[in-house]
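Note that subunit A is present in both complexes that follow, paired respectively with subunit B and with subunit C.
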Partner chain A sequence: MAKSDGNADVPAQAYMPSDEYRFAWLFVVPALLLSLSVVAFPVGATILLSLTDWSGLGSPRFVGLSNFAALFAEPRFWTAAGNNLIYTTTFVTVPMIIALVAAALLMLIKIGRTFYQVVFFLPVTIATIILAQVWRGMIYSPVTGIVAWLQGLGLNVGNPLADPSTALFGVMLVDIWHWWGYLTVIYFAAFRQVDVSLIEAAFVDGASYSAAFRYILLPMIRPTIFFMILMTVIWSFRVFDWIYILTEGGPGFSSEVLGTIAYKTAFQQMSVGRASAYSLVMSMLGMLAIGIYLRVQYKAEKQA
Partner chain B sequence: MVASKLTRRSVLAGGSAAIGLATTRAHAAPKRVVWWYEGATAAQQAALDKFLVKPFNTSQSEYELAIEYRGAALSDQLLVALSAGSGPDIVLTNGPAWTQRLVINKRLMPLDQFAKQFEWDKRIVPFMLNMGTYDGSLYAIAKTSETQVLYYNETLFKKNDWQPPTDLAAFEALSDKMLKQGITPLAAGNAGTRFANRHYVGASFSCCAGPDNVFKALSGKLPWNDQVFVDSIQLLKNWWDKGYFGGQKYFALSMQQAFSLMAAGKSGMALQGSWAFQWVDDTFKKTGQDLNWTPIPKLSAQAPYPVFPLGIGADLAINASSQVAEGAARVINALLDHKFIIAMSELWGGEWDSPLVSPPAPGDKLDRVTALAVKLNYETTSALQHKTYGYAPWTFWPARTDDYMKGGMEEVWLGQITAKQFCDKVNEIFQQDLKDGLVKTLPDRA
Partner chain C sequence: MIGTQRSTAHFMAYALLSAAAFSVLFPLALMLVNSVRTNFEILSSPLGLPEAPNFAIYSQVWSEARLGRALLNSCLVAAGTVVIVCAVATPAAWVIARRRVSGWLVISLYFLATTTVPVQMFIFPLYFLFAKLGLINNHFALMFVYAAIYTPFSLFLLRTYIVSIPIELEEAARIDGAGMFQIFARVIFPLTSPGLLTVALIVSLNTWNEFLIAITFLQTDEAATATARFYQLSGRYGNDWPQMMAIATLIAAPTIVFFVLLQHRFIDGISAGAVKS
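Moving on, here comes the complex of A and B:
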């Protein structure tokens, strides 16, 4: 049942005369139509195309579930799905922790907060292609990058993108570097909304900063953390750009994710029907991950 | 009778209207001919503007050529636009495999009428015309004929008294000598250009398995997992293991960066395409060392020598929905002009080599590098006429097989699969493509 924020036990429609409520849904129609036209049509088209052998041109031919059967039998699909899982798991943990610690440290300093926030936030404002080229050419490159310089010093350092066992982690490092600052600024803003008197009272009672962080700050910004985790799950599950620019899914197929396979299948193999099946499975897995997370979160909140 | 109703006034009115219409036509804005091109540097765009766009637009008043630079995602954009029945007038496809898809789905216009009008049927090499012909109609003209050769740093070779290798034994002996001196034998890299992997597959298939075997396999008469192809891939694996490609640096260098290492004498040779001439200004001209090329060595007893693996990097076609087909055909015709080809060779080598029956001959006035590029273009045409050509994957293999080769070859190099497993997979995908009618029927080699 829908509930208002202000009075949780009173149904929303109780605030409205019954005549007005009868027509209230009409006000939702424009936004609903807009949303449906943007979301429902592509989703419907993707579902239908996944059941065809459409090449992107000409008429699609119905092939039933054979696209799904083919992709489940494809080892590359499982490699990519596994990589998606690693990517998402890493992103809901590593940058989250870094950002929370950084935001908490920012709370401790009085001078230079704005400067640090600008510096942390900066990578998010720069185009992915530029950042990826900077990392590939100026950091990872064994010819022109920091890796080359370290090798010159005699250190046994290699380009992580060139090794199939580290390529995915090499990409994740760049993405995490670009992402954690954004989270930091968000968490810092959330921390600043916490009532200062609560923290001061804790300090008066002899609490340490780490105790105040754990028992006051963290619980108070839980909705923000929850929201950012949810968004991170969604964003990281559909990762494409960083992988495609930095490794194109290689070496071999070691850093392939579902997004890059779907793209290559559609535009390089001209198998749009098969690519739609990939996209659909990617969406289903993403929704499953979100569903599991929401369930766990719901249980945790209920217990709390 | 209509004549009996004519009056002085109506005649005058009709005359005025005719004059007005003629005047309007005389001053009508030229019709735009749109060509979506891939990415190009500012200098390259300026060269196209100087040698194609401006001369074309000033030579007549009916059409105005407009080139839009769409970057690396051109093929994606074309697929979406053509699928929707729109897109540019001049369609630059990724080569025959792509063109065939577009022809099957009726997105391109037959060019037979223009072929007669501009005598393309007499001026273009028959093999290349054949590659653009589907069901008896011409649909595409090869924008440039490409080939692969063994480039080498001539300054480095002279200094060490090395000779360009002509067979496998000489190539491997020389490569081993280079390795001992700390020089990477092959300037190679695929960062950002992963398609480079199948350059080596194509070169090895053509010069190790031999072009006759490749022809049989492309015609469905020999499987891709035949031992001759497995041996070709195993050869590349052996070279990788010996360090000929530079080890993991291969994944960190772009093709051009690798080429610059050869210009600096850190690599000795490069198995590269004719397009590599466009990198000379930024590499060899800067280091002051000399570049030269030789045909790819004979890599097995069964392969002939020399073999020039032939490629068509891009096809030029006209959109079926174009309203200015005549103008588009005139632009395509302008690309076949000797003056244009030579001018572009000097500024943008290796990308504007139309496959003409009579290509521009290397001239005395050309600088050394341009002369090398023109000579290579000449040799490519000659290879077609003398049947000493091989097959480049990006031109003759259908899209799915071609795409698999990019990642599959890396898996072989990294030891994740064997040469046999790679060939099995290539064969599996290719046979399905062949069954689906996606493989171009090739001109006979006899």
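Moving on, here comes the complex of A and C:
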């Protein structure tokens, strides 16, 4: 075989005799081993456990698909799956719109951009357990919170977390409050990469602010918006902390999601087999949500 | 005409942004203010200002809740996780970025896939395995779990930094007789350091604030990280809100200070990974 040395068409990497890099695989082995042992193998174990009645002690007994059958027969499961759906659809819309508007407003101002970004981003840097307890005690509590203060003014408000019909929305409000600033910072960074002369030209042609936002800024950052919606679908589907801390899935099981049921089934009821089935269904529904979103986006891209 | 439209728009923008900033800061202000009030004051008027600020509560909860230990644990776990992540993700990011291993695409897709897996999908077998091996309450075991979770994200972030390093630098080092390990240690590692700093910031912040895995694997007072400790105390102190808010402030303070001081790096690092064109 002819040596490729001296051939200008071959990319730089090909100049290297492959011998030099025969140990290259050694460089990925630690990362792979770490990930395989903490994620991949336990995922495999979870799939196997979902077919058993294991309690965490003793040896597991194979029970076929009965965990799944039992789970689909539970009303709690359907409430949780529905809540996951509400959570995800809310998060791909409400914080997205707030953040896009806030980022566009930041484009309008010159002084104070950094200040506003730092403030909006601040809650993302604080632990969920802390923010959740602040909201539980200082805002939602009808004894020590803003709700108590509003009641003192004679308003007919209650603790949203104590009412089955509003508990999930009470949780979502806190999560949105803490989350929208993160998106704002990202969208603002994307907006700043848009060519300013395009916007200036539009203004010269007499375009309004809303027209410039809608027809120039938004289309220019489409890839970023799509990426953030995708990440939001992934993240919001696994919501756990906020619900576990604020309501523990209650009252009753009104604000339960798949993530909290799976965790509680494993560590409070010690039904690890059943919990694994929950986790598996949660993952599959999450993947389904990702798949549906990617399909919708693909169709939208084709039309555009 | 345009001028008046502009100044009205300016005014509206500042008004709306300031309202938004207020709504973000208000709950945090409640945390701070109510930490130095008494339970009785809070009960009688939830929105009031402190009559005689009780700053002593901070030293009181510091010793009573054994916060020093918890914050130290958080620092250790965060630092350990950062070290492991950087040690395993940087070399992997290099050979993947330069496509020097034949399976680079499959490996990339595998790491990408792991980022979509919910924690509940692997934590149960891991917990019972750790329990069997006596690794519950063990900080090193926890660091490995965190490191595995944050490695894919770090790898992809570092990859973007490595791709921008000219390949000619590696070539030159190779011609000078450097082997693969030397090229990595002398050329790639130093040139990736801005990326490593960003990874270190984001990974340590995430580790510090992490909840689900911390409360599962750390169950004793001595082992608990700050967030796990706060969760334990939420059950114990129940409704003693001034104490709870003082502890919350002490745990949140380091990350807030850290973030405000290094906000540029945080914001640039986070947008770098997310802004697509």
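Simple rule for what comes next: the second predicted complex is superposed on the first by the 265 of 304 C-alpha atoms of A that agree within 3 Å, B and C clash if a C-alpha of one lies under 4 Å from a C-alpha of the other, contacts with A are read in each partner's own complex, and residues count from 1 in each chain.
We take it that a contact is a pair of C-beta atoms (placed from the backbone, for glycine too) under 8 Å apart; a residue touches a chain by one contact, two chains touch by 3 or more.
Every value quoted in this text rests on a predicted model; they were computed, and no experiment measured them.
**Student:** Will subunit C clash with subunit B on subunit A after the two structures are superposed, or do they fit?
**Tutor:** They clash.
**Student:** Among the partners subunit B and subunit C, which is in contact with a greater number of residues of subunit A?
**Tutor:** Looking at subunit B versus subunit C, the one contacting more residues of subunit A is C.
**Student:** By the touch definition at the top of the document, which applies to A:P251: first (subunit B), second (subunit C), both, or neither?
**Tutor:** In the superposed model, A:P251 contacts subunit B only, not subunit C.
**Student:** Name the contact category of A:V43: first (subunit B only), second (subunit C only), both, or neither.
**Tutor:** second
**Student:** Contact-wise, after the overlay, does A:A262 reach subunit B, subunit C, both or neither (first, second, both, neither)?
**Tutor:** After superposition on chain A, A:A262 lies in contact with subunit C alone.
**Student:** Taking the superposition on A as described, I'd like to know which of subunit B and subunit C A:V143 touches: first, second, both or neither.
**Tutor:** both
**Student:** Is A:V118 touching the first partner subunit B, the second partner subunit C, both, or neither of them?
**Tutor:** second
**Student:** Just name the clashing stretch of subunit B against subunit C, choosing from 74-82, 92-100 or 218-226.
**Tutor:** Comparing the options 74-82, 92-100 or 218-226, the clashing one for subunit B against subunit C is 74-82.
**Student:** Using the superposition on A, tell me which residues of subunit A are in contact with subunit B and, in the other complex, with subunit C.
**Tutor:** 56, 143-144, 245, 267.
**Student:** Note which residues of subunit C are touching subunit A in the complex, please.
**Tutor:** Checking each residue of subunit C against subunit A gives 2, 5, 9-10, 13-14, 16-17, 20-21, 23-25, 27-28, 30-31, 34, 42-43, 45-47, 84, 87-89, 91-92, 94-96, 98-101, 107, 110-111, 114-129, 144-145, 147-149, 151-152, 155, 167-168, 171, 174, 179-181, 184, 205, 208-209, 211-212, 216, 226-227, 230-231, 234, 239, 241, 244-245, 248, 251-252, 255-256, 258-260, 263, 266-267, 270-271, 274-277.
**Student:** Using the touch rule from the top, collect the residues of subunit B that touch subunit A in their complex.
**Tutor:** Where subunit B meets subunit A, its residues are 75-76, 79-80, 82-83, 98, 101-102, 104-107, 191-192, 194, 248-253, 257, 261, 399-400, 403, 407, 410-411, 414, 416.
**Student:** Contact residues on subunit A for subunit C in the complex?
**Tutor:** 12-13, 15-16, 20-21, 23-25, 27-28, 30-32, 34-35, 37-43, 45-46, 49, 56, 102, 105-106, 108-109, 112, 114-123, 125-131, 133-135, 137-139, 143-146, 148-149, 152, 177, 181-182, 185-186, 189-190, 193, 203, 208-209, 223-224, 226-228, 231, 234, 237-238, 240-241, 244-245, 259, 262-263, 266-267, 272, 275-276, 278-280, 282-283, 286-287, 290
**Student:** Would you pull the subunit A residues touching subunit B in the complex into a rising list?
**Tutor:** 55-58, 136, 140-144, 158-159, 161-164, 245, 248-253, 256, 264, 267-271
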